[in-house]
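Letters A, B, C, D and E name the chains as they come in the text, with residue numbers starting at 1 for each one.
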Amino acid sequence: MSDDTILKVEGLKTWFETPKGTVKSVDGVDLELKRGEILGLVGESGSGKSITGFSILGLIDKPGRVVEGRIDFRGEDLRKASAKRLRVLRGDRIAMIFQDPMMTLNPVLKIGTQMIETVQAHRKVSRAEARALARDALGKVGIPHPEERIDAYPHEFSGGMRQRVAIAIALLHEPDLIIADEPTTALDVTIQSQILAEMQKLSKEMGLAMIWISHDLGVVAALAQKVAVMYAGRIVERGLTGEVLDHPMHPYTRGLIDSTPMANVRGRPLKQIPGAAPPPLGRPEGCPFRPRCAFATDACLTEPAETSAGSHGWRCFHPREVLA
Amino acid sequence: QQLKMGLASEQSSIDPQFSRTGNNQNTSQMIFEQLVSFDQNLQISPGLATEWTNLDPLTWEIKLRPGVTFQNGTPFTADDVIFSLDRADKVPNSPAPYTDMVSSLDKVEKLDDLTLKITTKTPNPQLIEDLGRVFIISKAASEGKATEDFNSGAAAIGTGPYKFVSWVPGQDLKLQAYDGYWGEKPEFQDVDIKFISNDAARVAALLSGAVDLIDTLPVTDAKQVAANDKFTVLSEPSGRIVYLALSMRDDTAPGVTDAQGKPLAANPFRDARVRKAISLMIDRQLIVDRLLGGAGVPSGQLVPEVLGGYASDLTPQTPDAAEAKKLLAEAGYPEGFGLTVVSSNDRFPGDADLAQALGQMLTRGGLKVNGVQVYPYNVYAKDATGGSYGAFVFSLGASTPTSAPMLGSLLRSYDKEAGTGAFNRMRFSSPEFDAALAKALAEFDPAKRNELLAEATRIAFAQTPIVPLYWQKIEWGMKKGLSLDAGLSEYTLPQNVRTVK
Amino acid sequence: MIVFVLRRLLQTVLVLLLTSVIVFLGVYAIGDPLEILLPADASLAEKAQVAASLKLDQPLPVQYLSFLSSALHGDFGNSFVFNRPALQVIFERLPATLELTITAMILSLLIGMPLGLWAGTRPGSRVDETVMTGSILGFSLPNFWQGMMLVMIFSVWLGWLPSTGRGETGTIFGITTSYATLDGIRHLILPATNLALAQIALVIRMTRTGVQETMPLDFVKYARARGLSERRILFVHVLKTILIPIITILGVEFGSLVAFAVVTETIFAWPGVGKLIIDSINALDRPIIVAYILVIVCLFSLINFVVDVLYSALDPRIRGRQ
Amino acid sequence: MVSLIPARLAKSDTISARLARGILSSPKATIAAILCVLLIAASLLAPWIAPQNPYDLGAIDFFDSRLPPGSTSMGGMTYWLGTDTQGRDMLSAMLYGLRTSLGVGATAGLLAMLVGTLLGLIAAYARGWLDALIMRFVDLMLSLPTILVALMILVIFGQGTWKVILALIFVQWAYFARAVRAAALVETGKDYVDAARCLGLSPLRILIWHILPNCLPQLIVIATIQVATAIAAEATLSFLGIGLPITEPSLGLLIANGYQVLMAGLYWMSVFPGVLLLVLVFSINVVGDRLREVLNPRLAQ
Amino acid sequence: MSASAQVPVAEARGVSKRFQRKTDMIERFVGRLTGAAEPPTVHALDNVSLTVMKGEVVGLVGESGCGKSTLGRAIAGMLPVSDGVIAHEGRDIASLRGRARMAMRLGTQIIFQDPMSSLNPRKTVREIIGEAPRVHGLVAARDIDRLVSDLLARVGLDPAMANRYPHQFSGGQRQRIGIARALAVKPEFLICDESIAALDVSIQAQVINLFMDLKRDLGLTLLFISHDLSVVQHISDRVVVMYLGRVVESAPTDEIFGPEGPRHPYTAALLAEVPRIERREHSFSTVKGEIPSPLHPPSGCHFHPRCPFAMDICKTTRPELRDFAGGHAAACHLHDGQGLRDQNSTNQNSSLQGAK
């Protein structure tokens, strides 16, 4: 593991015990991230992208539990870290931007209060200093008049502004890693591009590493150096952005790319992946994509191990056919 | 030495002439005095007046006690009496004025500082009993003062054994012994009277030592308190009679049906035999023993033996089912009939239970009890007076030396013009009795009058005008080592509390 | 804000008018005050005299109109029983009741909220079960029964606390209150506890439900993700969010506190309006009843107003809407 | 395309099945539910299982009053739980009293719920002056002392179970109206209401079939507490002397009556009915609590 | 486009919608007394005109909060408008009564933005879909089950799932239930409000295909509201662009996405920012200027604070929506001079610079 490696996740499994059985939301995920790197994490809704993010931060709620795996953050095993140590890391070294900007800021507390408390949770500074820090952070993400806006409540901000506040909070302590969970899904493209620009700048200038969770392949393609594709709790394909998007080896990746509307197929039916995602309970034996896969054979009844070629890896018995 | 008492009901004002309800009189007795004093048996003896003579049927002369001073030091004179008698029926907004007590007065003249001459409009043999109930206030301290000034203490100046100190409404009344009192000095210097209306709370206050003495000890708790060697219980019969009234007001009686529950055309209560039959169905001793835990005296007439007008031959009826059945059959109800027993539930101890017990006994006596209903007194009083009930329970307390006022208001024929029969809710009417009572009331000689009253009572009770049940006993709980003089009056006065060995 | 106040005022005046009519009619229907006020041996002449002096001989509409015209001048009539201005009698006793109810309110918050928070953060645990089971006791036994038990245990058997009356009062900042003396506080404990029991149970349940429903929300998770301490999350983020429904309900419940104070004051001989009103209802002392209810309606409107203001102070989103 | 979707879990999952499963999955709730059923059965069967008809003045004997538990009457009957001041068998009185209390509590609670819910729904749906009118009326109702309301009703309609129920409804509907209005205000803002409107459904249908079911969870919680409150309030009214007919005591009235002789050592007259009331309210609330949890998707999952 | 395209199914003529808290008597009185300002008004729609022809798919795009949903609801007749006329098949819907009104109601259906909140969580899918046709007597009671099964199959759901509750479905499935519910009353005009925003690409593709099928098979007319330009481009015949309550551009899809290009700078900005899968490691740029609030919209042309080509006139005068050849219309002062014809942004810049 080189010194550049910020995060290394191996064999992560996060399961939920529900009355009807065990939901294996994350079932063996490996990730690796270096300084200044942006990893695009894509996949079907419900495939475990957000849960992977929460697992890294140790934020899995009650019926759920990280059952297996290693989460190395700059050489430190987070699974073994105490609650206190985790609290120190969270918000300081590892920040997370949540999926829904409308729901994550506490509606009854001022933006400033929430930023100041975050500063004071990690640094022994006076209120005034913390406030100054918060103000500067707001300015950095392009909120006009931060001095006044810092006393506003979340509902007084538009969705885009709230998302920028969340980003500002993530940047308060210049963290090493940001986990951004679909932060732009609800925004229109002009605002989305403003946020993306900010993130790109930070990653380049401060060497920030980032996991960018999204279902929008366009955004991932434009932003990320590496892509990981999740399906049913597992990473089914990963590699450099170009490798994965141009030469998908897994039929699911291929399906995703094909079903994206492109300018040249306008008006014609889109290709779609047949069938529906497997239910969280009762996932099929072997390759979970088997029931929807055009190339499935009996071999698929056993779970495929990862095949890799350089940085490009996939879990499928039929990469040739997919590519063809 | 301090005495803490817990009383069930609070006076509404310190002004002794504002209202003559029992709780107000109780408090007034501590601070003020009257022309005569009423003993435990409500019999009169000289008070602020030492002598009274009847010069002719319309003229009286009254001698006042010398050497009496008000609590502010001014001497007590005839002027104070004249002022007090004059004010008695003029207190503004009084809900229970002393009007009746002074209504026969024509003129009150001062002969000298300690002698008065009184002229009445009509001959009034009971004048001194009437006037004697009016509390005497100081003219100097009270002239031009309102009820409010008494409550604050400014005008609350009497000649009584205790001086007013403070009153916090709803909470407590504080008194202090008056050093210049002419009579026997009270034993306790400071008195703190707390008002605790809830029975259980009052008992708890006694048991926990918050107070030394409580009044109206609930009968159920009396045994418990008596069994505790830290406390004693005083039980005294009162002049309050509890009776069952049977309405003769209308041609049909409310709640009365035939034995099958169908409407009954006639009013069976108008038949004296039916009333007697009902009286014969009731086991008074059982009620007293079981319901009241002994705190009652079975009765056969209105007043107890110690009061004037008691007829010694009218003993309580003993239950006699056969006789009752016979009387009912004679009256034309061999099968019995149906009735509803109604009572208040917050007027006197055990009133609701009593109604149920009566219901049981009448059922066993062969009547059909359609129901037993109890209502809060505020609702009950209006409907009882309005004639909405057929068979209903009421009580009436004696406050005078003789049975005359009770006979007059309860049994005399109801006559709005003449003002008689104010509480004759069952509308009993017997010309024979009315005449006998009128004769008694005109008699000036006390002994003869008592005899005539007894005679009138006999005439009335021969027709069972009401079904008398029992006279209540009142119980007090107090710390061991205390004693209380109480009697028919039901008063709880600090000057009557003594320590005993 | 002015609009808000004015609108509320107008509505309150209308409610007051309606209330006075209802109560006037109601008391008239219940019974005849003369029957209660007059002594048992009163003559018919006396009855007529009293009726005339209390103006009870006039037709009801006339009585109502004369009440209304003097009420407009701030005069609610004299109590039949005490012959003192009704408002004066009420205001003399209101502080005692307010002291009791406010203490009960504070007790219920001080005891109920921590227990509710405690139980809410550990749903399904033994602590939660115990607290929830205990809270059911709070409202399943009749108030008077609980009161009597308190008296029996703490003052009769153990003799620790006094059970009757208000005790010594003193003045703090010109307000006469039991808090000024130790004796006063000792007298306050039992009745306030009695009154507070049901409220404590309610606050526990509200708080627990609130915590249970708020804890899984995203902003709590986000607060954790920012590295905030659990204490700050619970006492600032969660508490401030759930305070709104609790305060709303407490505003409504204040009414039931005043109502139940009737029972508590009777048991503990507390010289407050609760006992006064039940005595007045028993004696059909109409001026007191009417004035009391009008005062309570005003108090209620005031409380609801304060609750609404608090509401918007706590939740900026509501503030925006006003 | 259709065939590709796995046909799983096609069996219908009705509300009642979900509730039953939810209750049975918690041992505490199961016991409470069994107790509830037992108590309801006992109260319904009271005339057949009670040793005596305590409402029949001819059946009870004044001679047997105040007997401690286990005493035997002159007629040879054993009073397992003693007798009251009238000579009623406590066991029978409690069974009948339970019947009355449950009847009064449940009826008052449910009817108050009905009235309050309807008015609350209307207020939330109509908004404007109708809303203000209803809510100010709620303020008024909350200001009136229960006793005064009970007295007025007593006077206007007379005494009886129905009048007490009426009084309790009068004082309780306001709580429901408030709670439902608040819940319904939130619901009316949701898109499914708009969707229903868009489908041309009538306002009444939307109110009752679409909005109301979504207010049910809160309603159930309030209702279970209010049933307890109604029973306790009835007891308090009886304690203050404006409750039920005295010859037909409810549990509350038994407690209130027995309470007066409690200090005299006649504990059985109030302790036994008190315990019964406690068990009743307790089990209703445990079941209610569980129902709320089961009906709340977030807590049920 | 077919011949029937000449009939406008729905039409908005100069529609404005202002959201303002209702004032009562007292409020107005106090307002007059204290001279307080009127309560703030949100101009959600400001003189908007839009025509949807039969069998046409119109895409409605714009920033979040610009009034797309409001316009959709207004056209569906669910939201009374402050000004202007909403017409269906030429008739003002405000004047419709009784049967005609009901026919309009049922003929126009909305699929809501948020699938979860638009489905009653306490009703089974069978009830949700079957209720309206049953209440309106469109089918006999015994045929309800068949109808529900047909519809479920039609939107690609297993009819066996009819007894389930909404929370037992995934987001995409819920959206399809919403579609089935709308189709159950046999509408001819469907308004889809961001029906696909929350879906991942594979499910998105399924839904888009369903719409295309319906259009082909049933001749359905669609108003397709979205912020996702690539989807709009894929499905619609015509695109209408809104900005802060106003229509700024309206044109056939081919023209806007084609060589013609957009005529309004905002549309141009939108197109420039669309992330495309074929565009790797692209450097994003920040939007110039503050994003305006609908409470205090900028004067003149709403877009001028962010517009790279803003002129003085833009700050003061509201540009009119002008028609151009080929059904293209735009509201921009730039059109007074040269058209916005060039295809790529650099060219645009130079040519527009010249116009200044």
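FYI, a contact is a pair of C-beta atoms (placed from the backbone, for glycine too) under 8 Å apart; a residue touches a chain by one contact, two chains touch by 3 or more.
Being a predicted model, the structure only gives us computed values, none of them experimental.
Chains that touch both chain B and chain C are the following: D. Taking each chain's centre as the mean of its CA atoms, B is the chain most distant from chain A. The distance from the centre of chain B to the centre of chain E, each centre being the mean of the chain's C-alpha atoms, comes to 88 Å.
Chain geometry summary: the mean Cα position of chain C and that of chain E are 53 Å apart. Rounded to whole angstrom units, the spacing between the C-alpha centres of chain B and chain D is 45.
Separating the CA-averaged centres of chain C and chain D is a span of 24 Å.
Under the contact definition stated at the top, the residues of chain C that touch 2 or more other chains are 30-31, 148, 152, 216, 281.
In chain A, the residues that reach two or more other chains under the touch definition are 276.
Residue positions of chain E touching 2 or more other chains: there are none. The part of chain C that touches chain D in the complex is made up of residues 11, 14-15, 18-19, 22-23, 26, 29-31, 129, 132, 136-137, 139-145, 148, 152, 212-213, 216, 252, 255-256, 259, 262-263, 277-278, 281, 289, 293, 296-297, 300-301, 304. Contact residues of chain D toward chain E in the complex are 1-2, 5-7, 9-13, 15, 128, 190-192, 194-201, 205, 209-210, 213-214, 216, 297. Against chain D, in their complex, chain B makes its touches with residues 199-200, 203-204, 207, 218, 220-221, 223-224, 286, 290-291, 345-346, 352-353, 355-357, 359-361, 363-364, 369, 371-376, 378-379.
Contact residues of chain D toward chain B in the complex are 57-58, 60-63, 65-66, 85-87, 151, 154-155, 159, 241-242, 245-247, 259-266. The touching residues of chain D, counted against chain C in their complex, run 28, 132, 136, 139-140, 142-148, 151-152, 154-156, 175, 178, 225, 228-229, 232, 235-236, 239-240, 252, 255-256, 259, 262-263, 270, 274, 277-278, 281-282, 285-286, 289, 298-299.
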